[in-house]
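The same subunit A turns up in both complexes below, where it pairs with subunit B and then with subunit C.
Moving on, here comes the complex of A and B:
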């Protein structure tokens, strides 16, 4: 049904290469999130699927059919834009029904479908209003309504929540997840917000400079990032990176800290140039750790406290997530160690070396 | 309690004190006050309006209520509304009214349709650099003084020497007696008006088209819209207020249309291209019938006011949209 395949897609604007040899296999009914920093090509990739952009080379397949040359209208997809893109001169009812009317649906059929979508999205009292009389959240709902009435093969969302305030964003996130569950259609969602990516996606595509860095489930991205970029991009606060070298079977950092890494082959240890450990995988105490340093900044969130600890010899401060911590103050000295089986290793090309925990098994092959 | 808190005791007293204190108002000096400055800036405009707009207007209304000749302005006989009544039976005036309306409807219709087409072409080509120069060049007819347009038209439409008849002849057609023929004279005036004013309408519509957001057009394309859906359901409805504005601005202009007709057809043949302004001019300065001429001028003014009122309303609506 709504499977989407990208085969060797390239896209250049003039001399600038925006998408670089991207191939993806998206299964019917999956919720896929494209995530990456600004300018990574995630929106362009979505527009290539929608047909609003044509690839320089490569093929786009929707439901098994090659639609590379097909107009957006022929692809049976719906798209929700960041700016909502509602037709300003039409009522909410006409906005939602626009696609149906031009597809030749009768007035009655259109009305029934629009009413149904409006009920689902709680838009019924607003049907006769103009977009300019609606709030941001209501406009977003209308845009979603316009997408669902046409019952397309796949839904495309281009940063749909980034114009909403924080509270509304959380609420709409839940509604879109609910919508995916009730409709069961393929959804492809672009965002730069990793929280949206982690909470919504079945699988996440992490993009950088037009290339796919990793395509996997949220948990795999977190537990087993393929490279240093993904490791740093997924997780907040970001992973600590420490340059290391091998000496007498142990990794040593620039400050002289000796880190024992278990379950790695001698070859893997030899290739490692950078060690990564997430803030939540650092334990802290008063003495006896691998690193010792002074707390320079303490960000207290109530549930967690983030300690930024300066360690002699290390360039960047180490960040520690201290759950429910109340006693520590800025300026105090703490001692830090990684939890066993949580250390990531990266080679000189920033590729991940093996898995942090040998017992770890990826949930699904990419 | 209240004795402990000093503010409770002193509060009301303090208020009373400040209220009873005399307010020392600064007396503005005549030469430095805001009022004077405002006046200083306003009086030239007021004087200008008074001498050049308000006085002539009141004077012409006054004249329109009298039987009076240009050669003997001091000898006025009160006429009441007789001048207006005689206008309604004056065949030439009625012809002028009809012709003005005909010119308005025909030229504005052609200008809007043609203007939209031209605007659409410029819009589709907007990404190309050379189009900018072309767009500016296209505005030239609008910038030429109307008198010059008339003179140019005289040459272009000249039955013997004119370029159009030359071209017609070269293409194997027979020459057309442009200004001399009752039907062709009207068509000539229409053509000149369209040539001169379509760029203006086109540029307004182009601005309207450019202001349609790209994402809305993209949303329509994803929604399954073909070019004709986008044209009739998105683009035209979006620029409709701008088209209304263009129509009204053009209506005002047609009501004032004088120079070109004065230079080319002089209202002829017969009364076929007579328009309101030319009628007024002839009454005032050819037949010296200042009373009748003024009445006609007042009629033009009233029509303009009606049109302008609509224009302001539409402008407001565009602002609010």
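Moving on, here comes the complex of A and C:
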């Protein structure tokens, strides 16, 4: 029904190429999140699916139909905008029912569908109000109502929660997840917030400079990032990267410490130029670790403390996630070691070494 | 505190003084509408006329009512036509991705740079050739045409303020471009449209030179009639004063009427503030 396929999509604005040969296969009913830094092309990609932008080359298929040349309204998709995009001169009822009236639905049918959507989103008492009389969360719910009332093949969300405060964002996140479960429709969601991406997605598309860096399940992105960009982008605080100076057998010298890395071939070990380890995979103690350094900054969150440890010979401090830590103080010396089996290796082109990732399809064919 | 109060009073006095200087001719004209020609030129001046003297207005309305009606028809027709043509053009130029739209917009604006009187002779020949010379439709067409660049450009600036997402949302919901214009863009730009219409109305109502060229005795508009009160042997100051009052009233009433449509905060709540 609502499968979405992108085949070799390119998009340029003048001489600037914003989408570079992107091919994606989104299955019916999946919750897909496009994530990446500002300007990576994630919103443009969504707009290409919606039909608000035309690709320079490539094809867009929705439910198996080639809709590349089809107008937005012919694609049977609904979009929820970051800015809500509610019609200020219409009531909530008219906002939700607008698309149905345009499509030629009768007044009674429109009323029934609007009432149903309003009940689902708890908007019934607000139906006669204008958008200006609603809070941010209520407005976004109206925007979602407007999207679901048309029973589209797929829903597109363009950073829908970024205008909301933190608490409301969590609540709306849960509501959208619930909506996906109850409707079972394909949802494509753009965000720059990796927490939203990790918690909501069935699969995540990580984009950089208009290219797909990795397309896989959240946990695969975390456990087996395809390259250094994905490794650094997914996870907070970001992964520590340490230059490798020498490798011998299963041993690697990095940042003045020697580490045993298992499960890699001698050739893979030789290619390694950078070692990556996540802050939560570093253990700390008073002595006996691989690296030793002084705590320069301690960020105390209560549940966790982030230790920024300056190690001699390393440009950037190593960040450690210390769960429930209360004793340590800034200026103290700690000794750090990676947990066995948690180390990532990257070659000189920043590709991950020895982390096979069957689902990863790079956007550019080799 | 004391110093600021003194400066406030001084500012107010200065403002009142300059306002008085500005409106003095209008005031004198309005008072003159209730005087005879002899009273108009009397020395010492008749400062306060007899406000029960309505003879000037009565004469003008009975004798020149067809010309006032001509003015109204031409003005309303030109305003309506200009808006009907300008709104879709402005919407397309401000919203749709039309190749060379900036060049088109600049070209439209460039036609405004020509003084209307320069087109008088060509228009005279043109309307004469198609048999429209001296008709009200000819003046409606001419006035609408001359106001189009202004109407399009000002409307463009208002349409640009309609959030892009609202137009995109409407497109996604199945609206044709015409429906986006009529159901989203125009309702959200009512204040701007009222402003543009008011300006077009005022221009068309006050226009004199083209009316002089393109009208005949039956289609003369009121400004042409007013000019005829200056004869070779006599100037009818009393009629000029009363006619000017009549001439001033419709634009003021139109502006007041349009003011009601200028609803501030119309777009509040549309997008994240």
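Keep this in mind: the second predicted complex is superposed on the first by the 346 of 366 C-alpha atoms of A that agree within 3 Å, B and C clash if a C-alpha of one lies under 4 Å from a C-alpha of the other, contacts with A are read in each partner's own complex, and residues count from 1 in each chain.
What we mean here is this: contacts are C-beta pairs under 8 Å (C-beta built on N, C-alpha and C of every residue); 3 or more make two chains touch, one makes a residue touch a chain.
This one's a predicted model, so the numbers in the text were calculated from it and none came from an experiment.
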item	value
Clash or fit (per the criteria above) of subunit B with subunit C on subunit A	clash
Contacts of A:102 with subunit B and subunit C, given as first, second, both or neither	both
Partner chain in contact with A:163 - subunit B first, subunit C second, else both or neither	second
Which superposed partner A:214 touches (first subunit B, second subunit C, both, neither)	neither
First, second, both or neither for A:133, with subunit B first and subunit C second	second
First, second, both or neither for A:150, with subunit B first and subunit C second	both
Touching partner for A:79 - first (subunit B), second (subunit C), both, neither	both
More subunit A residues in contact - subunit B or subunit C	C
Contacts on subunit A seen with subunit B and repeated with subunit C across the two complexes	50-52, 71-73, 77-79, 81, 83, 85-89, 98-99, 102-103, 132, 146, 150
Contact set on subunit B toward subunit A in their complex	213, 215-216, 218-226, 229, 233-234, 237-238, 321
Subunit A residues touching subunit C - in the complex, by the definition given at the top	50-52, 71-73, 77-79, 81-89, 98-99, 102-103, 130-134, 136, 139, 146, 150, 163
Residues of subunit C touching subunit A in the complex	163, 165-166, 168-175, 179, 184, 187-188, 265-272
Subunit A residues touching subunit B - in the complex, by the definition given at the top	50-52, 71-73, 77-79, 81, 83, 85-89, 98-99, 102-103, 132, 146, 150, 156
